[in-house]
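Which chain is which? They are A, B, C and D, in the order written, and residues in each are numbered from 1.
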């Protein structure tokens, strides 16, 4: 609608060949990813269903309802756990994208595959909520977050190989330390999966411990400092 | 985008070599939060289910359906109430972020915890809609909004302690007045929870009254004026 | 982003001391509204449920399923209708915001009330889909879009009274013509509601006719031209 | 954001009186579309339901649950397929919008119709998941993606006819090659639909093959290179 917004200025020769509008492809990929994260984190609550009124005999609602809500406690714990795990994934995604300078088709598909793992999380969350005592629920949950962690490593490896999509000055030791942080997750998740057959609460503890580790200020941030 | 938003120390000339793309971490946190608010406020309607056609005997739909819809009236009231409460939370979040100039890892987690409370609201909304006469429904609803209000206070305290994340010129009396407005909510919500066991309509009235108070133009805005 | 968008008065040197980050409050309100529109328009599909496999006798699925899908045709029509109605609402919201230059607390609440009507649309859409022959379904649908149309008029009246939130040079005749276009909808919607008790297809025809009228290029756009 | 995008041409003095706020209509249409894509891709998981605990006899959950999850395998395949198809649609939409320079009302409606097809995808995805052996499920799925592909061709034809909404220097051969890539999809989708009545796995293979073709780096990108 604005003349200048659509027609390239005549006095901008280099620019004339690139009459781009709006944000860069990288910024749009980032915004798209942010959208997926925001939606996933907000959808989690939809997996917790209000107790069906028809399942409670009339006249006993006042006594029954509090117990019914209390029975949902595994759901609530799964909700809080998943909320913070998705939140951590978002922060990690963020920190990686802060170091990325370019994008290409392959990077977009790797990012999409990562987002697919993130978008899958509401399913195992609901599964844990419904079947908190079943190791298989932990297995599905653990495999989902493991898959996402492996995708993050692949994304990082692809982007940093020969400094493909990052700054040419990004120091190699930093690249390695970031990868090291990322590689921590899969073995711990896999251990949590295996230990679910011993005691599911040990699994939960492992998930939570890794969570706390990643949430401590200054992990990737501190490493990222030099380039910021 | 502005130097003050991304550089913590004034003596950070390395920043010039920082080919950042896209918005600042603070702007992205804000956009992410806005996304969560927009999704929560729009998901609320999903909790209201259309009456099941199979539950109405054939041939009686024309007479039955209006009654069935009328029975949903508690749902509709809960919907409108929650819509405006989430709207108010969004405005409050907004007003706080207008005064924030920097971000750090701790701030992001506090903000995420606040968003978790907001994202939880569809559950107690559905609960009130299904069990409007049950005090326990009000209790769950009240605890959710209380938790969110306490998170907002914690967020504000963290950001303003020693002017950690706000302008160094932000006047102390303003910081205190904003906190004062925030501290108003928890006791009123808790009173509404307690009074639910006397009469749930008194509770609703308290929620609505606080709502109107916060919606009046010029509460936090007016206080915020000096820095705008 | 431009000074004129955030400072009402030209003589506001205090603005220099305003280290604002990110977009202006108006831009954020607009982005928030866009988010709500995008979510509503995408949620509509969730109201169409896949036929329950358990409701079809084993061995008859191949013959039964096509019929079951065909029975959903009212749902599909309601889906398409609502998709374009929400789309039109988005365009109209857009066109109004293009003329808005400032925002205030009251404007935000009016906008929120308008968004509440928009966010409500999935419910009557599902209702029409399930009870296509019931005039009451048309009534609920019609009242929802009428409420949204009235909110749009209120929003416009509030913003343009004494050129409160629009350009001082915005010509009065243009303001009136835009309002005229907006005032067209409520009586037509109300007529569609009344006629639902005669024949619901006349109602649909009226909704669709208004739709086509608003979708024609150059309605509000053409009027808006002078200021662009 | 780039100077040329926001600063009025010197030969457009009337423009100076236009204190526009926020992004251009084209950027907002793009952001709105991105929102719809992000929501659709994230909603897909909601179609996969956790096995109902009440449907499993108490005491048999440990043995039963893994089988129940295994029975969902068609759902998971449909999920992955749809995730990547929607992802590809997003990338294609993106690549088209990179070449668009202006927008008008007709373009917005065509884009909205395209988004409607995209937003519809969760329904046939759930259908395939529930009725993986039924050709009719493939038919509905295939028709949805065919409709979206035809809308993309219409959008492109409309935008490029007489260089209506694209750069006047955009070379005609490029326009044709992009259209050629787009025209590839409908016949293949229609073949997949027809072959569903022979063997549904041939259909899946065709969908996947087209998917891989479009996902290879350098399809539309390479064509688009000259203008970037």
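Everything that follows uses one rule, which is that a residue touches a chain if its C-beta (ideal position, glycine included) is under 8 Å from a C-beta of that chain, and two chains touch if they have at least 3 such contacts.
Please read these numbers as outputs of a predicted model, since none were measured by experiment.
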item	value
Reaching subunit D from subunit B through chains that touch each other, fewest steps	2
Residue-number overlap at the subunit C/subunit D interface, same or different (half cut)	different
Interchain centroid distance [CA atoms averaged], subunit A/subunit C, Å	32
Intercentroid distance (Cα basis), subunit C paired with subunit B, Å	24
Residue numbers of subunit B (touch at least two other chains)	31, 35, 39, 43, 46
Parts of subunit B lying in touch with subunit C, wherever the complex brings them together	1-2, 4-5, 23-24, 26-27, 30-31, 34-35, 37-39, 41-46, 48, 50-51, 53, 61-62, 65-66, 69, 79-80, 83-84, 87, 90-91, 94, 98, 100-101, 167, 169, 215-218, 221, 227-228
Footprint of subunit A on subunit B - complex, ascending	6, 14-15, 18-22, 25, 28, 31-32, 35-36, 39-40, 43, 46-47, 104-106, 108-109, 112, 115-116, 119-120, 122-123, 126-127, 130-131, 134, 136-137, 140
